[in-house]
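Below is the structure I would like to discuss, written out as structure tokens.
Every chain is named by a letter (A, B, C and D) in the order it is written, and numbering of its residues begins at 1.
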């Protein structure tokens, strides 16, 4: 992870660590903090705790998002303080859309389209505060809808259940917009729970969401998505999300947490040691829920 | 099948029997012929043999397509004769796009968008002969690309490996644009090799391409895609595609084939009996090629 | 613990919201209070309700109440899991969602919703989460239900920011704009609060139709920033049943996250 | 059966086309002759070539030569199988395809291609298949290879219908339009026929650079509808190797469908 972030994430980059509640690469976020990257533009539908931590650490100058909160718990204090101007030496510029707007932006990037059309924003104040949300007239009839511009991250980082060494990546469970964010990006880092043989991928090609063709680095980092979750591997650590609320409300507590849990640990392994085997074990799913097998058939 | 077609396919409808070389519902096409439907507008990227047969039978007044041929073999004689005006009493109107244009039309229909933008058609004669392919200017910069209008079939008919009684449908292998064609449609008929318990579907929700919510009828018709194929179940009957070439070149031979193989058989069962167990057995894949199992995990 | 004689205002609100989903088929589940209300409905008045989560799930069968609307329990055993571009495009924008269930920070008499900022956008007093999927749900879901607690800060004459359109400046206005703009949704139809149940009258304005047990018109008026319209046949909301309370207290929210 | 001393013009054409794919990474495989040429390249000069089929396959490993470009053998063992909107949008239009390999019914000196009609569109002498994916491949693939047999009917001064753009009216013209229009592709770079191998000169015009064994300049000129430009260093194409012929005759096309 150290090398992937060192080589592929550069100061001033637009970085998207995507994954909608599922498969959020906290491991990459913490490594970016440790390497002291600066002036990043961070893009994500839901900044979530990972961006609250990264922005508290001062790596970003701008945030592009569609829903700003600690899902099911409350707010994201570090980001909120900077938006509300409480930390004058760390101003944070924001660029705001709706979920479909952000998804559409990645999709336009992935398809190399100059815009993505959608039926949102009518009669709202969002286009008023974000001039990049623009009306577009249909060439059929006189209907006018809205458009959003492509989002093309310099680097997209996603976490997945498995990939081959070549970077062919498979995911099950929530897919969010990782595929779109990856195809839209200039560089792609895939972090996986498990490195698998190419044959495992080729046995079920419909399960592949990203081909190695667009992947620049594959990092094996089990538990790398904690406190978010990996379908079939571990559960969302809701206790962590609840505990974050009071920490996030207090800048000093937030900085102390970063010192202890990000700067104060030896990489991800140190973080997991500190978290403890018992905590991790408690996040394992109960019984297995197997997908079943389908047959592609051999055709010679 | 009889009831599904009788209830859901009406004279004058726009009908899309989709499936790109894979999962083409010949069973539905033949039933539409037997029921003598008229004045249909038939939409498909590749009309393939199924539309050559349906158009020879006189069910259609118009064809919307992007590639007209017998893949790997040659032309589609019945359609070609009507386009070239050799059958004056059966004129055939055509509306022509590229593959991405057709896919984009279904996608616009599925997303309820007034148009789909794409980077095709520049400097070609396609927009000249099809005024529905129109330029559209990006609201960002002064770039102009092209747009195609939504295609919203009255009925979309697809063939799939399996579905639940509720119509929740799963497919593996080539996906073509069946999902888009189904979501774009007013009515949907799903024909399956196998009816499965709802639990089989819910065991692997990422494999579901169409929810029962948009399905009006589920028809169980094993071998219903012959002479096209079903990944894992049976192979493409290339001999049939090769044999069709001389038949299709001759209108009398084509009509004779329809009498013998469509009107002259008792539904799909009769067609399969006539084809013979040996022919069918020869189309079974060799060894199995299992997908492997993934674990979704139980979370209580 | 499940003494039906005593229940909180939050419990009554959640129960009333769940009951409003009877006979609905497909519901888009928002984060927070809608999440527990919809899951209660699925266990009571609407067992066949198809739960749609913006995270990309159709036909979810959560074995537990998810804290977040993105949770592994909404995936395992679901009918379909799809990418978000498909969920928002092929399901919501296509018009397949019957009810979008939203929460709100501010709402006005016409059901226009603010979840973005309190104060000026550039220099907010309080920064709220923003739209998420709410903006497109309000436009494309066939109808919208709102669940939120009443207060002078939340039920206001003028919202500070319009995140999700309701009946705009009134019904006539809204109907024309929605029709001419090709919107699939008719907008907000029900608002459930901790004090009562509201529907929208022919002017597109919120009208109190049912008062919860223990709530008073005075309490309602004290917590609404405009002269609220009250139905001439004002009803009293039937109290939560023992089973409804048991489900909330023992199965859905034993920690009291939503009902505290 | 695999006597390398004797080989057909079609075999030479397929072999020459396959060799042109050496050092290429990602190839979009068109129907017909490109299909066998690309599969031969995968077995000879370009074992790591990623085969992309418009049907929705990336990284195909066909165990047999598919008659159609949609065949179960291109799916089993592939790296990824995706919907066509993704294949055309996320792969081709995104610019991930290095070479688009096309066939054609008519081509002009600038590599503009017709696969739609011979004669008038409304009243065609011969109705051809149409674009399929060719139009978008010609615009979005980084470069385009063409494989087709020469004849006065196919190599024409003016094509009857422009299905897929090549160098338009010439290089200057084409470069400007492709740049200003934001096209990702630079257009046609190689044309392989049954008589020789052509590249495009600085004017964007086809130039014969290599003549196949047994072919003559006379035969070339007799089968081209314009005064074709010939390289000052005209080379002779090395004949097919025994192994190349064995692969075509025994593995790829035992039925002689492509080589008859």
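What we mean here is this: a residue touches a chain if its C-beta (ideal position, glycine included) is under 8 Å from a C-beta of that chain, and two chains touch if they have at least 3 such contacts.
Given the structure is predicted, the values throughout are model-derived calculations rather than measurements.
K.L.:
Where are there more C-beta contacts: B-C or B-D?
P.N.:
Comparing B-C with B-D, the pair joined by more C-beta contacts is B-D.
K.L.:
In terms of CA centroid distance, which chain is the most far removed from chain C?
P.N.:
Using the mean of the C-alpha atoms as each chain's centre, the farthest one from chain C is D.
K.L.:
Averaging only over C-alpha atoms, locate the centres of chain A and chain B and give their separation in whole Å.
P.N.:
37
K.L.:
If you average the Cα atoms of chain B and of chain C to get two centres, how far apart are those centres in Å?
P.N.:
41
K.L.:
Determine the centre-to-centre distance between chain A and chain C, using the mean Cα coordinates as centres, and give it in whole Å.
P.N.:
Centres of chain A and chain C (C-alpha means) sit 28 Å apart.
K.L.:
Could you list the positions in chain C whose residues touch two or more of the other chains?
P.N.:
Residues 57, 71-72, 75-77, 81-82, 89, 93, 182.
K.L.:
Of all residues in chain A, which are in touch with two or more distinct other chains?
P.N.:
112-114, 118-119, 143, 172-173, 175, 179-180, 206, 231-232, 235, 285, 289, 296-300
K.L.:
How would one label the connectivity among the chains shown: line, ring, star, complete, or other?
P.N.:
It is other, because the touches fit no line, ring, star or complete pattern.
K.L.:
Using the touch rule from the top of the page, what pairs of chains touch, sorted by label?
P.N.:
After working through each pair, the chains in contact turn out to be A-B, A-C, A-D, B-C, B-D.
K.L.:
List the residues on chain C that touch chain A in their complex, please.
P.N.:
Contact set of chain C toward chain A: 31-32, 35, 54-57, 66-72, 75-77, 81-85, 88-89, 92-93, 116, 121-136, 139-140, 161-165, 168, 177, 181-183, 257.
K.L.:
Over in the complex, which chain A residues touch chain D? Could you list them?
P.N.:
It is residues 110-114, 168, 179-180, 183, 201-202, 205-206, 208, 211-214, 296-300 of chain A that touch chain D.
K.L.:
Chain B touches which residues of chain C in the complex?
P.N.:
Going by the criterion above, the answer is residues 26, 50, 57-59, 61, 63-64, 71-73, 75-82, 86, 89-90, 93-96, 182, 184.
K.L.:
Touching residues of chain B toward chain D in the complex: what are they?
P.N.:
So the residues of chain B touching chain D come out as 20-22, 45-46, 65-69, 71-73, 75, 80, 83-85, 96-100, 103-104, 107, 118-126, 129, 143, 172-177, 179-180, 229, 231-232, 235-236, 238, 241, 285, 289.
K.L.:
Contact residues on chain A for chain B in the complex?
P.N.:
Those residues of chain A that touch chain B are 112-115, 117-119, 132, 134-136, 138-141, 143, 145, 147, 149, 161, 172-173, 175, 200, 203-204, 206-207, 231-233, 235, 285-300.
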